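Shared chain: chain A. Partners: chain B in the first complex, chain C in the second.
After this line comes the complex of A and B, so read on.
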């Protein structure tokens, strides 16, 4: 059968609008992207989409201890079970609702599929002049076996607000599940938004995650992506700067082992003058893991005085790990400062020797150096709990028991 | 920036972008041409005119057949009207083939052309110690220093002669690095190439002089399909120069060359190019389409170094590459690509690491002015077996004017965990603080820009052999006149 067949038979059973039907037809005519597609050159979906999935969710009740297990313990929590909103916080100035059928035109087949079939997700709107101290935690749980779920989320932030989010997608069984998640973030003037993604799902889970950020004047938006789990992760992160003095920040950490694959695609579209972007992606690859990075910075004509920085650093720590990196610059304005750097290498032998000669075991020494390597990106995260989790997961992946909070 | 200074900079840019191509002239020599278009018959005619052996004709026909099945690539970041391949003349040779006992025998018209280009053959013969194999519209008309080279056993001749005189070498190596089926343009070249250079350096020989050829496109509407095959046998060493200028034309001219380098164990090849084909006028009318496939293979401990200064062509599509097959082999790529007016360049390199301890260095400098677009596109591939390999890439772009574009597309693929790859790229304009610093010290803005651009390109220009460095600087001057001193 395969996913395409599953989707086809599912679509025959549901009632959807003509617009959505058109989108679905358009998706079906194109299908999932293949490696012939430039944006998917290094990442093959073939093995994933030939499997069978349940498109419909059964939706089991989950108990609070399960929630606690995966939560970072924030007060404000939005909880989904199989896409259904089962817990939403009461915060002054913030309204949290379930799925809303917001539009956005796209030619991307995966987003077309999402728009056509998604029926779950959240809609958050934050009132003007709201400053939230504590982050809003978003938890997506899925209980159905071999589930293919699609979430469609919208965050609209009013002028002069400051808000943080922590998101986690978690399957509660070990079946081969897949999520197609789409989040749109609209940042109004003079806002500060931070969105943290913890991608530490079960070993058989797959994720295609797209975030589109639309920024107005004087806004700052930061997206942090921490990839530790899941067999397949593809992140598409797109920023569009529509006003002057915008800042877009991206930090990414991928620590992979076994047969994991993580593909980070980022795109910053500098449409207005006097804007900045900073990008830092770090990857550590163990086992048979594979990393892909594709970062694109576009500076449109007349978007002068742009300062764009991008770096992608990778550590290959095993014989069978691979990395494909493609940092791209497309510049159509002259008064800009754009740079990118990419490195691929190993831990410094001399540094390892130095530590070992002072009685630190090889595993610990490697862990310390690896942590030091990744910490540059971790340091940029402002939510303390997320930082600690990143450190804990890093130590766990490297098989050492180290306390990094020195 | 003060209003006045801004104005002077604008004037400067205006001047830079409005300089006309200086080398646009046509030599009036009767040519022997065949009808337009490409067909099996045309391939047969070309082969027959060259009096080629049967195996060569078969090679061409096979290439032609695979070309028919191929599509013109469109992945490069360039826009142009695809040439009508049936509207191109595929063969033209000057009718009168001069016997070159001395330079006085040379057609006075042709001699004048060379003089205009600033290549004085006799001067070069005496002073520069350079053997020049001048290719004019696909047929070699001048070949000097052959005797000196022959003493050492070095073969340096037009490839059509090599096919006659050294068929075993040509047969063994032709198409081994760039197979006919490699891409659309290489297939086209393999089918219709009319001439080019062949060079063979025997074992252990260090070539005593810089070998060089000049290519020129002359006959209106004639595509130039050059084929270069350079073989450096074990332990040999050679430095090869290639330079191009083309006369002014209003219709686009097609240039699809193929260059193959073979560096056997311990061999060292240095291949330098100064390219100044006609770029079209300020509106982008006319100009040469330069679709070139250049590739070299390095065996054990061998080294290939590509240096290029690209200032011409309306459209450039060129990726000189190194296949580092042997252990400890080295690949280098140094490039300055200047685009002005409406020129478009999509150029870069491929470094394919297969052997152990292989090293590669990429230094690419782009300068975009006017309404042009410059692209760097490169691939660094470290395969699983390439332990302890090393790559360093640096690609910088300098933007002059607010209507130009500069883009970078590096592909990095690493499958070996003991290798190190570093890549860095920057895009910026000439810093106002740099110009201010020079101004402060009494250096005018124009001279300051010249100074900065020269310094910016120094890493690459330093790689060129002496004779070429002068010419390269001349070309930079012409391309960016008013800003480069």
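After this line comes the complex of A and C, so read on.
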């Protein structure tokens, strides 16, 4: 059958609004993107969508020890099991709700599908003038085998507010489950938002994840994407700067092995003057893994005094791994500082000799240098628990023995 | 401890070392001086096992072992240490983890258990005190953003932690201010014993005021062209290299 057929028969059995029906029809007429689509040129969904999926969530109850296993132990947790909200924190100045049916105009077929079928997700509003010290942790668990889920989330952050998030999507079985996750973040004036994505799902899981960030003046938004697990990961991060003095930051690491694929697509739309964007993506590819990076920076005609920095540095550690990296700059203003760099590198020979001369064997030295290379992209994460987890996962995946108590 | 016989080495077609002979015994301190480009760093790199340089002739034995047969890490495990003229920056790895890794690897090669974190920290604190190194330094990334002097001090700190049998200090004094020079020299002197030896590569007499060498050698154009006692360094400081190199140039003209 395949996913399109699964979706079709599912849609025939559910009652949805006319608007959603239209979106669904629009999706069905286009289908999933193919490699003919410029945005999907290097990433094929073909193998993934020819499989059969369960569209309906029919999950099991999960126990607290399972939650603790994947949680970083924060006080404020939003927990979903098969889309059902099973835990929601009480935080002063924050309202946390389940799914809300918010709209968005999109021609992207995957987002149309999301809007048409999603019935799960969270809605968070943070009041003005609120500073949350402890992050809000969001855990999406799925227990249904071969499940295809749509999550749809909205975060609205009031003026002068500071808040951090940690998100994890976790399947609790080894089936080929897939998630289409969409999150919209509205950053009001003078806000500071940090969103951390821990993507360390089961070996057969697939993820298509989109975040749209809308920034007002004087706001800073940072998204950190940490990809260790999952067989297929596509991230779309879209920032729209709608006021002066905005800053959009993105850090990402992909540490891939076997047949894993990870594709990071980023887009910063500089619409206002005196704004900044910084992107640092690092990839380490082992086995038959494949990486894709596409970083688009658009500077609109009135957006003067823009500082846009982008880097994507990669290490291919096996003959069978590949990376396609593409910066895409569209600059229509003249007073703009824009730098981008993409490297596909080898380990630094001088550093290797330096380490060997200190008694560190060549294999260990290579692993440590690889760790050092990748860790630069996680150094700026302000949530210590996330940073430490990332360091540990990195060390574990690269087989280096580092002492994090030092 | 170290015997170098007629060592010839170079890079591609360029022979840099043209027949070096040197013997260093346990407990001794040797100083190697010589003009820029004479081959001092090349000699230390070849001893440490840098594969960029090809050994074309001669041999090096270290405590009876054929050193040229060993990988750089094996040389380190046997007690060879090189303090780099230009230490390498390694962003992303802290000083403490770097040192822990090198000590663990050395102990592994010797069939010993990994060092306990608390023992390691104790040892680090002792050596930091010896070298007047400030707290906070251990968690910095290896040499990243270090000043010239801090990098050199970090080299000596690693030497102190690894306790080598043979330490080669390649211009460790350059970049050090007068206080740091005294501290480093003091550290080297405290680490001296009957069982270890030190080779100091330097351009300046002032370090040798603090660490008095048993032998001084002049390296010129890939050869040791003159050797003497500590007084030779004073003579060079007074007269410059000319009086040695002119004679040598005549000989090969």
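Basically, the second predicted complex is superposed on the first by the 401 of 406 C-alpha atoms of A that agree within 3 Å, B and C clash if a C-alpha of one lies under 4 Å from a C-alpha of the other, contacts with A are read in each partner's own complex, and residues count from 1 in each chain.
The rule is short, and it goes like this: contacts are C-beta pairs under 8 Å (C-beta built on N, C-alpha and C of every residue); 3 or more make two chains touch, one makes a residue touch a chain.
Quick caveat: nothing in here was measured; it's all calculated off a predicted structure.
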{"item": "Chain B versus chain C as contact partner of A:61, first or second or both or neither", "value": "neither"}
{"item": "Which superposed partner A:302 touches (first chain B, second chain C, both, neither)", "value": "first"}
{"item": "Which superposed partner A:344 touches (first chain B, second chain C, both, neither)", "value": "first"}
{"item": "First (chain B), second (chain C), both or neither touched by A:374", "value": "second"}
{"item": "On chain A, positions contacted by chain B and by chain C", "value": "none"}
{"item": "Touch list for chain C against partner chain A, complex", "value": "48-52, 71-73, 75-77, 81-82, 84, 87-94, 96-98, 100-106, 109, 117, 120-121, 138-139, 158, 162"}
{"item": "Interfacial residue positions of chain A with respect to chain C in the complex", "value": "348-351, 353-362, 364-365, 368-369, 371-376, 379, 401-403, 405-406"}
{"item": "Residues of chain A touching chain B in the complex", "value": "38, 42, 301-302, 304, 314, 316-319, 321-346"}
{"item": "Residues of chain B touching chain A in the complex", "value": "75, 397, 399-429"}
